[in-house]
Amino acid sequence: MTAVLTEQELTGYFESLSNWQRWGPDDTLGTLNHITPEKRKSAAASIVLGRAVSCAKAITTGPQVNDVEGVAPQRYMLLSGEGLDGSTGPRGVGFAEYLGFVFHGVRITHLDALAHESWDGQLYNGVPAAAVTTQAGATRHDVVSARQGVFTRAVLVDIARFRGVPWLEPGEAVTRREVEDFLAATGTVIGPGDGLLLRTGYPALVAERGPVDQQSVGRAGWHASCLPLFYENDIAFIASDTAQDARPSEYETVRNPIHLVGLVAMGLWLVDNCDFEDLSAHCAELGTQAFAMTFAPIPFSGATGSPVNPLALF
Amino acid sequence: MTAVLTEQELTGYFESLSNWQRWGPDDTLGTLNHITPEKRKSAAASIVLGRAVSCAKAITTGPQVNDVEGVAPQRYMLLSGEGLDGSTGPRGVGFAEYLGFVFHGVRITHLDALAHESWDGQLYNGVPAAAVTTQAGATRHDVVSARQGVFTRAVLVDIARFRGVPWLEPGEAVTRREVEDFLAATGTVIGPGDGLLLRTGYPALVAERGPVDQQSVGRAGWHASCLPLFYENDIAFIASDTAQDARPSEYETVRNPIHLVGLVAMGLWLVDNCDFEDLSAHCAELGTQAFAMTFAPIPFSGATGSPVNPLALF
Amino acid sequence: MTAVLTEQELTGYFESLSNWQRWGPDDTLGTLNHITPEKRKSAAASIVLGRAVSCAKAITTGPQVNDVEGVAPQRYMLLSGEGLDGSTGPRGVGFAEYLGFVFHGVRITHLDALAHESWDGQLYNGVPAAAVTTQAGATRHDVVSARQGVFTRAVLVDIARFRGVPWLEPGEAVTRREVEDFLAATGTVIGPGDGLLLRTGYPALVAERGPVDQQSVGRAGWHASCLPLFYENDIAFIASDTAQDARPSEYETVRNPIHLVGLVAMGLWLVDNCDFEDLSAHCAELGTQAFAMTFAPIPFSGATGSPVNPLALF
Amino acid sequence: MTAVLTEQELTGYFESLSNWQRWGPDDTLGTLNHITPEKRKSAAASIVLGRAVSCAKAITTGPQVNDVEGVAPQRYMLLSGEGLDGSTGPRGVGFAEYLGFVFHGVRITHLDALAHESWDGQLYNGVPAAAVTTQAGATRHDVVSARQGVFTRAVLVDIARFRGVPWLEPGEAVTRREVEDFLAATGTVIGPGDGLLLRTGYPALVAERGPVDQQSVGRAGWHASCLPLFYENDIAFIASDTAQDARPSEYETVRNPIHLVGLVAMGLWLVDNCDFEDLSAHCAELGTQAFAMTFAPIPFSGATGSPVNPLALF
C-alpha cells in the first residue's frame, strides 16, 4: 500500500502550511485571526432554535489509565456540610474546595494554547521554546492570548455516523479524503473562520469498554493529510472527541502531526477530548452539520491551555 | 437614618423570594430555568456587530491579600522549554502543567453553583447540606447542573459610570432604588432570563491601589434590597466585579444576603469577580447597556462552582 | 478449622485492651508513654557498632495500583537547571519544588497518628471523632503529639526469614503464636517500650512482581491475635513492611483490627509500609533481632500522621 | 570599617574550601562522609539521661509573609469525622489527608540536599546543573543520597544566650570570631563529624513580633567567615533557627555564601529553620552545649531536600 503521506512530505508542511509572519511578527492569535466580526455576526444569525448543547466531558476524580504521572483530577473540600442539620451553629454556612489537575492528556476537555508544542526549539511564529520557563510558565503564547474567546460557525465531521459504526476503533485515522467525502455527502461547505469538529465516538467506546490505554492501544483521530485541508480553508480551530492525532503514529519524527504542524506552523488552536455524542444526535435530528459554537479559556497566565466547555448553539 | 431593609425583613426573603418547588422537587437549574429557547434566540438576534468582550480577570500566581488560607493559584510546569535550542534532542517537544487553585474567594472570576451556600442546614430546594461531603464533594447541586451553559441577554448596571466615579469605595452598597434609577436613566428594560451585571469599578481601584483586604476594609456590591428586584424580574443570573455582597455587612445573621438568599432560596446563579472595565467602554461607545452573554462552567463533578470567562457579544 | 479469634472476641478487645484513662483524660501520647528516659538510655547503650540502617522506601512519582483516588506523589519544580551552563546569567542559582502526596495508603512509609481511626464515633481516649474536621484537620490527636519523636529499642520479627521464604504471600496473616515461636527460636525477649517490626518481605515481592492490588489480591500482615501480645508487653509502637493488617479481612465489622483496636483502644502508634530488607540482612549478619530505632514525624498541625524514615542503629 | 571578608576572598572559597573529588568522582554524601561508625558510637555513648528534644517547628496552614509564591502549606482532608456520633453508619471510620507544601524558604524545618544550589552551572562535585530537570527533578544529588540519615554529635552555638539577648535582630551576622569566642567561653571543642547548630532566637522574635519579611527586613545568621571553620573542622552538617545566611547580604555575587559555598563547594548539608528554644533551655540546665543529634530525610526521589524533625538526645 502506498502511504497517503510520506514523512518527508509531512515535514515539508512546517514550511508549506506555515502562518508565521502572516499576521505580523508579534501575532499571538494564529488561526483565531480568521474569526472576524462578520463571521461572528453570521454565526449569531444561524441560531434559530435557541438550543445549547455542551460538548465537554464531566471531570471526575479517581484514577484513569492515561493519567499523566498518575495524578487524577483532585478536589479537596475546605468545608463540608456533614453534620450540619440546622439545629446548631451559624445559620448560613458556605462550602468551597481546592481543585488541582493536569488538563493536558486525554481525560479533560481542553483548549491547547500555542505554547503547548515546539518544533526545533521554536513555538508558533518563531518564538524560542525557552520562553516556556519552569518558574513563569509560558511567558509567550500562553492561553491568555485567546481570552476574548471563540464565537463562530462550526461543523461536525461525524465520521462514526458516516461509517455507520458506534465508534472508530483505536488506531483508525480519518484522512482528508474521508473528510471531503463526508462534506460532499452531507452537502456541507466549510470556509474561513469555521471550527471543524471530529466525532470518532470515543465516549461511546468508553461507556462500553472503559478508558483505553492510549500508549499501548492507540486512539482514533485525524490523519496528517487533513492538515492542508485546515490550512487551505482558513479553519479557525479544530476539535475532536479524542486528542486529535491518531495513534500509534505512522511517523517517526513528527509523532503528533496535528499538534506539531497545527500548533507550531499554523498557529491552529485545538480542542481535545470533547464529547460529541449529544451534538451528533442534535445534528441528525435537525439534518445539519453546522451551527454556532462558543467557548472561552480560563485566562490563567502562563498556562499552555485551559479546560473549556464548548457550547454548540442551534 | 432608617434602614433600607431590616434584618427581620431580610430573613423573611428566605420565604417570600423562594423558588423551592417552583420547578419541581428535583430541580437543579434554579433561575437558569428562565433561559428559554426563545430567550436564546432573541439574544442571538441582538448580536449585530460581531464583537466579543471578555469579562474575566487573568489568573496570576503570587500572593494576594485575600487568598483563602494563603494559597495563591498554583501553576507548576511538568516540562519546560529552557535549554531547548533545536540543536539537540527530539525535534518536537510539548509542554504541560499542573494547575491548582481555590476559585472561591475574591480573586478568580467564577460561577457559584447552588451547593455553595446553605441556610439552616439546607441547600436550594430543601436538599440537606450534608449532601456536601468531604469525600465526594457536592453530591447534589454541583456545578455540573449548569453544564449546558448560559447564552442569554445581559444588562450592565454600570453604577460607577452612573455616579461619575472611577470606582465605588469599599463598603458602598448599591440599593434597588439606585439600580432602578440607573435603568430608568439609561432607558433599559429588564426581564425574564436576563443576566444583571454590576460594575463597581473594582478592577480600576486595584490598578491604582492594589488589592483591598476585604475582611478589614470591605468591598462594594449589591445591597440586599436588590433581591426582590432579581426575583420579580425572573433574573437568570447576576454578576459583579466584586463578590456580590457589599461588606462589611449590615446584618448580623444573614451576613451575605445576596449569596444566601440568592443561592439557597432563589436558586440564583452568581458570577463573582468579573472585570467589566472593557465592557463598560464598549457600552458607552455603543450607547447601550444590553447585549448577549455566554459562559459555561468546567463541569467538575462535585464542585461548588467553576472558574468561567463570560463573553459579552454585541 | 476453628478460628484463632472470633469476631466477638475481637470486638471485646476494644474494652479489654483499652488504655483509655491509663495516662489521664488528656493523654495524647498513648503507647509512647512506655518510652521512658531509662528506656532511651538502654537503647543508646545498645549501639556498639555505629551502624545506621534506613527502613523507609523511596518515594517516587508515577502511578501505582493502590494510589488513593489515583493521586500519585507529586513533585513539581519551581526552578530547574535545564539550560544552565554557567556561561550566562547569575552565577548562583537555586532549585526548589512543590511536594504533594497522600501518605496514608500502602505506598509511603509513614506514621499513623492517633486521629487516623475512629470506632463508634470516638478516637483514642474517648475523644469525639468530630474533632477531625474538614477545615482544621485533626484538632486533637494529630501527629504533633509525637513531635518529640521515638528513640527506643526495637525488635525485628522476621517472619519471612523464619519461614525460609523470600516473602509472605498476599493474604497470609502472622498470628501471635508464630510471633512467639519466632521470639523463642531467636532467643529474643520483648518488653515495655519496645517497637515490634514485622517483616513479610513485601518489598522483595514488589521487586519481582510489581505492586499488588491490595483491594482485590490482599496483603500479608499481623493477625488480630497479636493485639494482646502488644498490650501485655507494653509495646510502644509497631511497624510493618505492609500496612499492618492482613487482607482480605477475616472480620466483617472490625475490618482493620490492628488499626482499629491498636489506634483507638490502645493508643498504639503504627508505622506502615517500611522496607526491612536491608535491616534483615544486618540482623542476620550480626545474629541479633534487637537494636535501637529512631524516627520523628514532620509536625504538621492537624495531620493524621506523617511520612517518616525510621533508622535502625546497631 | 574593614570588611571581615572581601567578596574576592569569598569567591576564592569555591576553590580553597572545595571537597570536590575528595571522596571520589561519584560521591553524593559530601560532608556526611565525616560521620563514621566510630562517630556514631561515641554519639550514642554521650546519651546518659535519656532525654529527647525536638528541634522542628510545627507546620501550620494559613498565610505567612515569606511564603514562596504565596503558597502556604496545604492540608486537605479526604474524610472527616464531622457528623459521626457512633449512632449510624460503619463503626470503624478512618481519616486521611492530602498534604502539599514548598519546604524550601523560611517557614518549614528542612534539610537542603546537595542539588539545592548551583554555582556557574554546576552542583557539588562538578555535576552539571542541568541534572536538575523540570520533569524528573534532581536526577543527581537529590535528598535520597542522605537516606541513611544522621546520627552524630552536635553542638549548639547559642549566640543569643551568649550575647544575653532574647534574639539577634534581623541582619545581624555571626562571624567565625564570635563562634570561636563562644566555644572558648563554654569550653566546647568541635571536631570531625560534628553538627554545628546556630541559635539566633528567631522563634522567640516571631512569638513577640510575628514573622519578619526577610526580603525587606532581613534575618540573622552565619557570616560567610564561618565557612573555613566548618571546613577545617570537618563539620558534617550545620543547622540554624533561620535559613543560615544573614540578610541582607554583604555580597553582590555570592548572595547566599553559606548556601552556595557550603552546598556546592563543600558538599555541606544544611538544616534550615529549626527551633532551638527548648534545646537552649536544656543545654543551660545541663551546663553543656554538646549532645547527640539524629534526623533522616523523607527519601522523595528527585527532591532537593526534605522536611525533617531533628532530635537532640541527652
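Order as written gives the chain letters A, B, C and D; numbering starts at 1 within each chain.
Note that in this section a residue touches a chain if its C-beta (ideal position, glycine included) is under 8 Å from a C-beta of that chain, and two chains touch if they have at least 3 such contacts.
Not measured: the values here are computed from a predicted model.
Trainee: Starting from the defined contact criterion, work out which chains touch chain A and chain D both, please.
Mentor: For chain A paired with chain D, the chains in contact with each are B, C, in label order.
Trainee: To the nearest 5 degrees, please report the angle of the rotation taking chain A's Cα atoms onto chain B.
Mentor: The rotation relating chain A to chain B comes to 180 degrees.
Trainee: Can you check how far apart chain C and chain D are, centre to centre, with Cα atoms defining each centre and the answer in Å?
Mentor: Taking the mean C-alpha position of each chain, the two centres sit 27 Å apart.
Trainee: Report the inter-chain centroid distance for chain A and chain C in whole angstrom, where each centroid is the mean of the CA atoms.
Mentor: Comparing mean C-alpha positions, chain C is 46 Å from chain A.
Trainee: Give, as an integer number of Å, the spacing between the C-alpha centres of chain D and chain B.
Mentor: Each chain's C-alpha centroid was found; their separation is 46 Å.
Trainee: List, in ascending order, every residue of chain A touching at least 2 other chains.
Mentor: 61, 69, 71, 74, 77-78, 80, 82-84, 98, 100, 130, 134
Trainee: Taking the touch rule as given, give the residues of chain A at its contact with chain C in the complex, in rising order.
Mentor: 61-64, 67, 69-72, 74, 77-80, 82-83, 100, 130, 134-135
Trainee: Hey, which residues of chain B end up touching chain A in the complex?
Mentor: Contact set of chain B toward chain A: 36-41, 44-45, 47-54, 56-61, 68-69, 71, 73-75, 77-78, 80-87, 91-105, 115-123, 128-134, 137-138, 144, 147-149, 151, 253-256, 259-260, 292, 294-304, 307-311, 313.
Trainee: Enumerate the contact residues on chain D facing chain A in the complex.
Mentor: By the definition above, chain D touches chain A via 74, 76-78, 80, 82-84, 98, 134.
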